[in-house]
């Protein structure tokens, strides 16, 4: 056999997504209209937060998580979502003239990508001279040193908007709560469901779970990225279909557990 | 030039991704070998790049000192380098390197001890967040409050002693509504991650292409 | 307690208390501890990775496994980021890492986070032994489906979809509350563990010599 | 003053400085550490099952302990460990310890040499208990162990071949073992002994794990596993049940107290919300 047993269903799901990607991305390239997207309030809140930071003369803080630079793990997509948001916030800060402090994750291999993205954001707005390398902060390995560093930075340099999007473990509750206590405005989210509660409880505006990916696409304002949300939707309907088929087959007495393990 | 700057890295990325997928979907040994090699490579690449963090940390600290050259700032500036050197030299100069008792002493008493304290701080931050948000303000907030308080009380020894029903109720909340909601969340996040992954393999993820 | 144990308790206590003062407010003692920990953790990170480079690249290369020069060079290319003119070279190692990462991610996500979740939802309903189990299975399925509808972006949440998304939101909130409670009690154990260290090991043992 | 502006109380109640909450929790936690109180604990069914599985063993039975301790997570489990070792040593049982994690060897060493001290119970190394040391087992390793201990551990921790250890002469696979105590710190690992020991051989298994993993173990009780301990709370229960007070008692007291400050503030927060809301309506 060419296909390993036990991966048939995986392959079918993958093919569904590939076909959907191909169809909708071509549609986007041709400039055809995509279905309308539901508003995510947290996106507007980012602009508001940047404005607030300028009014109060405080910096904007951006973080992808103490361990948010995972480029070669199963969480790589979340890193990319964080990078997409970094580009957006860098652009906003360049446009309105706010100071941006980026708290980098401990994975040193992600630093070139982070620096390039932040620089690119400033460049796109035509203000590359505003980019300050010393505002990329690095704290070493472990969520403790990272949260300590972030808190210390909040206390000394002030915190206007604190935007946190990416991979978060036990590092987010402290940094979010400290920003809140020091009078900052929190916006953020993570795709790791187990930590979403911290964002839901501590943020003024939250990206619930998957919304970080959708938000990354919406702020990019690029039709190709936006088409991704529609492609996901196809995946969700496929999941509904799979559930329905599974229930029907189980109801007529087939061993669905084995069937779905194919 | 543009090809080497833009297209070639994308081609490299796609090739690596497709090879990994072939190793997953097909039973051929050749792909398994390639997968093993690539996995080793990623570890070597990331391990080689570790000094970057040190460089960026040093630069940020140096600029902070430049802007604010007080005595206190000078002490703050020297401290990380002093501790870096302490750990580094203890780590390389005793027999057994990182497993030497000397390094282990440093590791246990500074790194681990302090690492555990993070969780301690977390207790307090989660408590103050609950004070702020666990109100009966809306049906969603009530759901949050109920799930949180019941499952918390179930885990504190004293409360089940006086109210034994907390145990099955707490467990039910954890295993039924929590699993239901959490499962939907996991599926959606996974689909979104897959779409981002496919787009990147396709060379269409603008976040990476344009940089 | 011998000398090193007593010193260890003092050093540990020094840093634990330094971290805990963060809850009160920013202060020089906290900042000193924070700067020291940065140096220590970077050193630890660098040391471990240098050991990896040595064991996984340099030693095999010296034994004739020359192909490992490639990832080593790719890793070194990361440092071109420091020179603005050559920064684009760092796209190559990044591409390899992301490519492999996406391969790993797709392979791991399809089964574990999507198909297995669907399977568990169906199987729970049909293997239920009692009416209670059956009811729980159905509640989980409802939670899963409604939670997914909450994340449908291309339709306005009105009518049936609106109601479903609303129910999904309640499931999600219960799940968030439960996650909070699980973590809160776990952190409570940790803070008590630190306090036991400070009181029993540091104060009673190292200061009062009672241990 | 206060009577004139009732709304102010509600607002104040909702805006107390968090540091009061922190300070209150601190004080409440420190009290029981300085002076343990011994608040009552309900002994749950899985803990009883766990305890009974050990005490119901006939004299001379062989118990294998898979000990995957993790130093960073010790606070959560130490009470379970120490109580279990004491129960094992005070009975006429033969105990085999092996560690699928390197931390496990160090923790076990500390606990056996400094706290429990088997010789106090008249137990002799090599006759009444054996330590096999560390091997990165994983699920396949646990399976291999069930069929042939010597294939995984040819020698004990100190390098003595198993055949030269009196107790191990007749012990080599699952048929010679009467009970497996499986300790794990990854929640899904609970399935390993079930797949490798219970399903194929119908072995008796009990498990020890973290509090957060308890719900994952619960579905297997009491059919596949006879009992389980999850978290320091159930460690305390075992201490109570077996009459060996230990670190769990202090931990439980401090937990009971530590959470009170938070509960008080939750009530404040809600009173403030309700007060503000109904204050506005009037």
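Every chain is named by a letter (A, B, C and D) in the order it is written, and numbering of its residues begins at 1.
Convention: a residue touches a chain if its C-beta (ideal position, glycine included) is under 8 Å from a C-beta of that chain, and two chains touch if they have at least 3 such contacts.
Model, not experiment: these values are computed from the prediction.
> Given the contact rule stated at the top, which pair of chains has the most C-beta pairs in contact?
The largest set of C-beta contacts joins the chains B-C.
> In whole angstrom, how far does the Cα centroid of chain A sit from the Cα centroid of chain B?
Centres of chain A and chain B (C-alpha means) sit 14 Å apart.
> For chain B and chain D, what's the span in angstrom between their mean Cα positions?
The answer is 26 Å.
> If you average the CA atoms of chain A and of chain C, how far apart do the two points sit, in angstrom?
Roughly 16 Å separates the two chain centres.
> In whole angstrom, how far does the Cα centroid of chain A sit from the Cα centroid of chain D?
37
> Please set out, as single numbers or ranges, the residues of chain D touching at least two other chains.
In chain D, 18, 22, 211, 231, 255, 258-259, 262 touch at least two other chains.
> Considering chain C alone, which of its residues make contact with at least two other chains?
Only 19, 22-23, 31, 33, 37-45, 78, 81, 93-94, 97-98, 100-102, 104-107, 109-110, 114, 118, 121, 141, 144-145, 148, 150-151, 172-173, 175-177, 179-180, 182-186, 188, 190-191, 193 qualify.
> Two or more other chains in contact with one residue: find those residues in chain A.
Counting only residues that touch two or more other chains, chain A contributes 7, 10, 14, 71-72, 75-77, 80, 106, 108-109, 111-113, 116, 138-140, 142, 144, 170, 178, 181, 193, 196, 198, 200-201, 208-210, 214, 236, 239.
> Every pair of chains that touch: which are they?
After working through each pair, the chains in contact turn out to be A-B, A-C, B-C, B-D, C-D.
> Over in the complex, which chain C residues touch chain D? Could you list them?
Residues in contact with chain D: 23-24, 182, 184-186, 188-193, 195-196, 199-200.
> In the complex formed with chain B, which residues of chain A make contact?
By the definition above, chain A touches chain B via 1-4, 7, 10-11, 14, 17-18, 21, 25, 71-72, 75-78, 80-81, 83-84, 87, 104, 106-109, 111-113, 116-117, 120, 133-140, 142-144, 147, 170-171, 173-174, 176-178, 180-181, 191-193, 196, 198, 200-202, 208-210, 213-214, 216, 220, 222, 224-225, 228, 231-232, 235-236, 239.
> Where on chain B is chain D touching in the complex?
112, 115-116, 123-124, 127-128, 130-132, 134-137, 149, 152, 155-158, 160-161, 164, 167, 171, 174-175
> Please name which positions on chain B make contact with chain A in the complex.
24-27, 42, 45-46, 49-54, 56-57, 59-60, 62-64, 111, 114-115, 117-119, 121-122, 125-126, 128-130, 132-133, 144, 182, 185-189, 191-200, 202, 204-208, 210-211
> Given the complex with chain A, which residues does chain C contribute to the contact?
Listed in rising order, the residues are 19, 22, 25-26, 30-31, 33-34, 37-45, 78, 81, 87, 90, 93-94, 97-98, 100-102, 104-111, 114-115, 118-119, 121-123, 125-127, 141, 144-145, 148, 150-157, 172-173, 175-177, 179-180, 183.
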